[in-house]
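What follows is a short report on a single structure.
Naming follows writing order (A, B and C), and every chain is counted from residue 1.
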Amino acid sequence: MTATESRVADAVTRAPGWLARLGGSGGAGRRPRGDWPWAYLMIAPTGLGLAVFYLWPVVQTVYFSFTEWGAFGGHTWVGFANYTTLFQDPAVGQALRNTFVYSGLVLLGVPLSIVLAVLLNTPKLRGVSVYRTLYFLPVVTMPAAVAMLWRWIYNGDYGLLNYGLSLFGVDGPYWVSDGRVVLYAMAVVGVWTLIGYNAVIFLAGLQGIPQHYYEAAAIDGAGRVRQFFSITLPLLSPSIFFVTVLTVIGSLQMFDLIYMMMDRGNPALTDNRTIVYLFYEAAFVDNRRGYAACIAVVLLAVILTLTVVQFRLQKKWVHYE
Amino acid sequence: MLRRRVLAGLFTAALLATAGCSGSGDSGGDVTLTYGVWDKNQVPAMEKIATEFTKAHPTVKVKVELTPNKEYWTKLQTAVTGGSAPDVFWMNAPRFGLYASSGVLAPMDSKADLSKYPKSLVDTYNWQGRQYALPKDFDTIGLWYNKALFDAAGVKYPDETWTWETLTEAAKKLTDPAKGQFGIAAPAYSQENYYNTIFQSGGTVVSADRKKSGYEDPATVKGLQFWVDLINRHKVSPTVKQMSDTEPTQLFTSGKVAMMYGGSWEAVGFAKDDALKGKIDVAVLPRGDKRAVVIHGLGNVVYAKSKHPKEALEFATFLGSEQAHRIQAETGTVIPAYEGTQATWVGAMPQYQLKAFLDELPYAVAYPISKNTAGWADQERKLLPLAWDGSRDLPGVAKELATAMNAALAKE
Amino acid sequence: MSRSRLWPVHLVLAIGAAAMVAPFFWEFLTSVQSFGESTRIPPTFVPSWEWSNYGRVFDSLPFGRQFLNTVLMTAGRTLAQLVFCALAGYAFARLRFPGRGALFVVFLSVLMVPSQLFLIPQYQIVSSLGWLNTLAALIVPGMFSAFGTFLLRQFFLGLPNDIEEAARIDGANPLRIFWHVMLPLARPGLLALGILTVLWSWNDLMWPLVVNTSPESMTLSAGLATLQGEHLTEYPVLMAGSLMATLPVIVIFVVAQKHLIQGIAFTGSK
């Protein structure tokens, strides 16, 4: 392995070490190297399956990004032409901005999930399993129903939200059709969908914090808020890291919400597309498959970079045992 | 452990069982064709046609394959790229150019009598001299109106004498901002709205040789101006944002707008809605400088790489027969294209003056297409709403659209 | 803390829960409306209780057959993932081998591209194998998961080393250690992955739609999508079908959530 490789390997393998109990991350150092035939054997099924069905398409995509395609097959090599077009295309820059804005907003939901988990962890709370089920429901609900409901809530003339605002004398905008607010409206739905799932992960993390830490702090005179910041958050930080990494990866690929909630006649659509929506348009509407592949490759590079950065930064704030 | 073994066994058994039932079940000399469609409401009619075909050709069975409209083209493109599209499938005008020019479709060298269908439809599915589909159905656009709202405002119902001016005047009387009621819905929809008025002003969308955009033509811009004025000058229509939040058809059926330009396809849905009983009807479109209406229809095409080309061609030809079109008419879902079969459709819903849609046939203009219609149709969708909501002036938008469209056409 | 002082917590949780349950209530409300009521603006809150919509689902779809397909596909994918991802996850967590770090990053990269990217390549593979319209097409690509591997790797890293060490000293090879020692300990993690895979498989729409052409081989989600007509969708029937399709998954979650919390606990935290 090169120096870079081993650094990446280190960063990556230490990552989930947050759940290592006292005793370090996996004790892998003492494992004899003669393990490797077994290791490859055990990785083989998933590895081969991923290689055939997922990695090979990714490699193909990188290749296709240097070609241009006919509608139904047959391609010609165009070198970096797609990349040049992409970097000069204002729509791409705009889509990336929109995607980052959306992602940032959705990440704001992570603290919300933490608070929710803390509430669901209140000792002696009756019916906690009922609440847990209810908060997990959005993950299970049919996306079409979710879209219908939220379109009604957000409807500018007859929707619930604007009706509520009107009671306070506020004239609400057309949440889904007005370019200035639609990303925020989508972000709310995004957070709403994830909040229960993330809260469950945090809830589990909270169960792992020994109760006597809190008792000791209380004896020392620390209030509930102080306890939250000095005990709960640090000991929960590994979970926060896990959730943050996955939320970033997922939210940067947002497509379904726009596809379902914004019709092609929506005036706000053009300026508020995300990068994956651009990919979909290029691939399936405009029949520019080479350009679409190019967009996908750029997105992959962005997400990969952000993920690696997050793994590197974890040393600064994630508290492992 | 036992549970795991049982589950694994179940899983394997299921895999084996269904592996045996895969494929199109060709047994002996029998042939099974696949027929790709996208409208659930028409499936019963399609299956009946398939049964009738098998009666006449006992060794050929037809399986109707339904894909929801939204995913139909994605799936078809995937299948064609993968080499296994249905033997016969539905095609529409905007996509036709791409499929025909890419060699995906087999020419329909059948002995069908083309004079039995509206000429504009036959021409639509003709590519470089060869016919690739027999028209399946057609739709035109009519002026749907809410009788109850008209009565309340004391306005006479629309009829064939109406012009753009009459429409505007009536809409003004039917608009009541206090009640949140508008005279007419004026969305930036091409087929339902502005293509019709463009043709009525003598303009074009794309030139006859399909090389130049019609949006530079002042006559075309006049046709667009009609709608822009309805929203911004006369204020008789909801705004673009309102109509994006709530579909115009929904506004119409909820009594929020008194009139809308709508396709003949709306009739079925309106008839199902109990609350609308006796409240709505339809008339021919008002005339601009002249009479015109855009006509569109689907065609049945044959897959060039079909494994049963002979049978597929036979089936596609049968789909264009008078018998097949009569079956379509009986369900009332679409207007069949074959001459003389439309009366059944008109009679299926006597509560509406559906004859209006047929009366428009003499002056119907074909839906504008080119080799890669999608390339510039998207530009229409992106740019025109900017003029509709008043944020930009129409001539500027039209010019930009013309430039973008010409660039797209040049690439074809 | 006495129960009576918990009412603010209950209040906040209840308000949030109401927001979470809202779409279900919406689905149910629409499912018992008439067609006209379902398209009305403003919405109709007092429906006409058309319970017949539920019966009509069975007329519009081969519901039972599609239900079976969905169950088989979900079971197939889940069982396979449990085995394959556990094997790989354990190897990444506990075994030392060259290229481990880089290989793991490569696995993760699969999560970082839009899923539509896989549509055409996977279709071509499946089509050339003659698997269109079969369960094999539904199950096989879904048997392999980078996410599942990641999840179970987390889990294995959190387990204590001592039992493993003891088995090693006794001379057992990694595969034996995995099967007899680690897998039983991994039950909560497996349960967590199992439930998540069940949830996602059940709602998978695009792939079953593309790879199946006949209603008999479709899954519920794909079948329900076909209820959307070109110009006319009967939303009440669609909602009735969706509710019936979701019920089994909710039951599974309610039954398993206690184990789920424990399972995720071992992967997401210390």
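The working rule: a contact is a pair of C-beta atoms (placed from the backbone, for glycine too) under 8 Å apart; a residue touches a chain by one contact, two chains touch by 3 or more.
Small disclaimer: the values here were computed from a predicted structure and weren't measured.
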Chain of greatest Cα-centre distance to subunit A: B
Highest-count interface - the chain pair sharing the most C-beta contacts: A-C
Subunit B and subunit C, separation of their C-alpha mean positions in angstrom: 37
Whole-Å gap separating subunit A and subunit C, where each centre is the average of the chain's CA atoms: 17
Separation of mean Cα positions, subunit B and subunit A [Å, integer]: 38
Overlap residues in subunit C, where contacts from two or more other chains coincide: 41-42, 225
Touching two or more other chains - residue numbers and ranges from subunit A: 155, 157-158, 284
Per-residue overlap in subunit B, given as positions that touch at least 2 other chains: 74, 81, 246
Parts of subunit A lying in touch with subunit C, wherever the complex brings them together: 1, 5-6, 8-13, 16-21, 23, 25-29, 31-33, 35-36, 38-43, 45-47, 49-50, 52-58, 60-61, 116, 119-120, 122-126, 129, 131-146, 148-149, 152, 155, 157-158, 192, 195-196, 200-208, 235-236, 238-239, 242-243, 249, 253, 255, 276, 279-280, 283-284, 296, 299-300, 303-304, 307, 320-321
Subunit B-touching residues of subunit C, taken from the complex the two chains share: 34-37, 39-42, 60, 72, 75-76, 79, 119-120, 123-124, 127-128, 130-136, 139, 206, 209-210, 213-215, 217, 225-232, 234
Residues of subunit B that touch subunit C when the two form their complex: 7-8, 10-11, 14-15, 18-19, 21-23, 34, 36, 38-41, 63, 65-71, 74-75, 78-79, 81-84, 86, 246, 249-251, 253-254, 256, 263, 265-266, 268-269, 272-276
Complex contacts: residues of subunit B adjacent to subunit A: 73-74, 77, 80-81, 98, 102, 104, 180, 187-189, 240-246, 372, 374-375, 378, 381-382, 385-386, 389
Interfacial residue positions of subunit A with respect to subunit B in the complex: 70-73, 151, 154-159, 174, 176-178, 263-268, 270, 281, 284-287
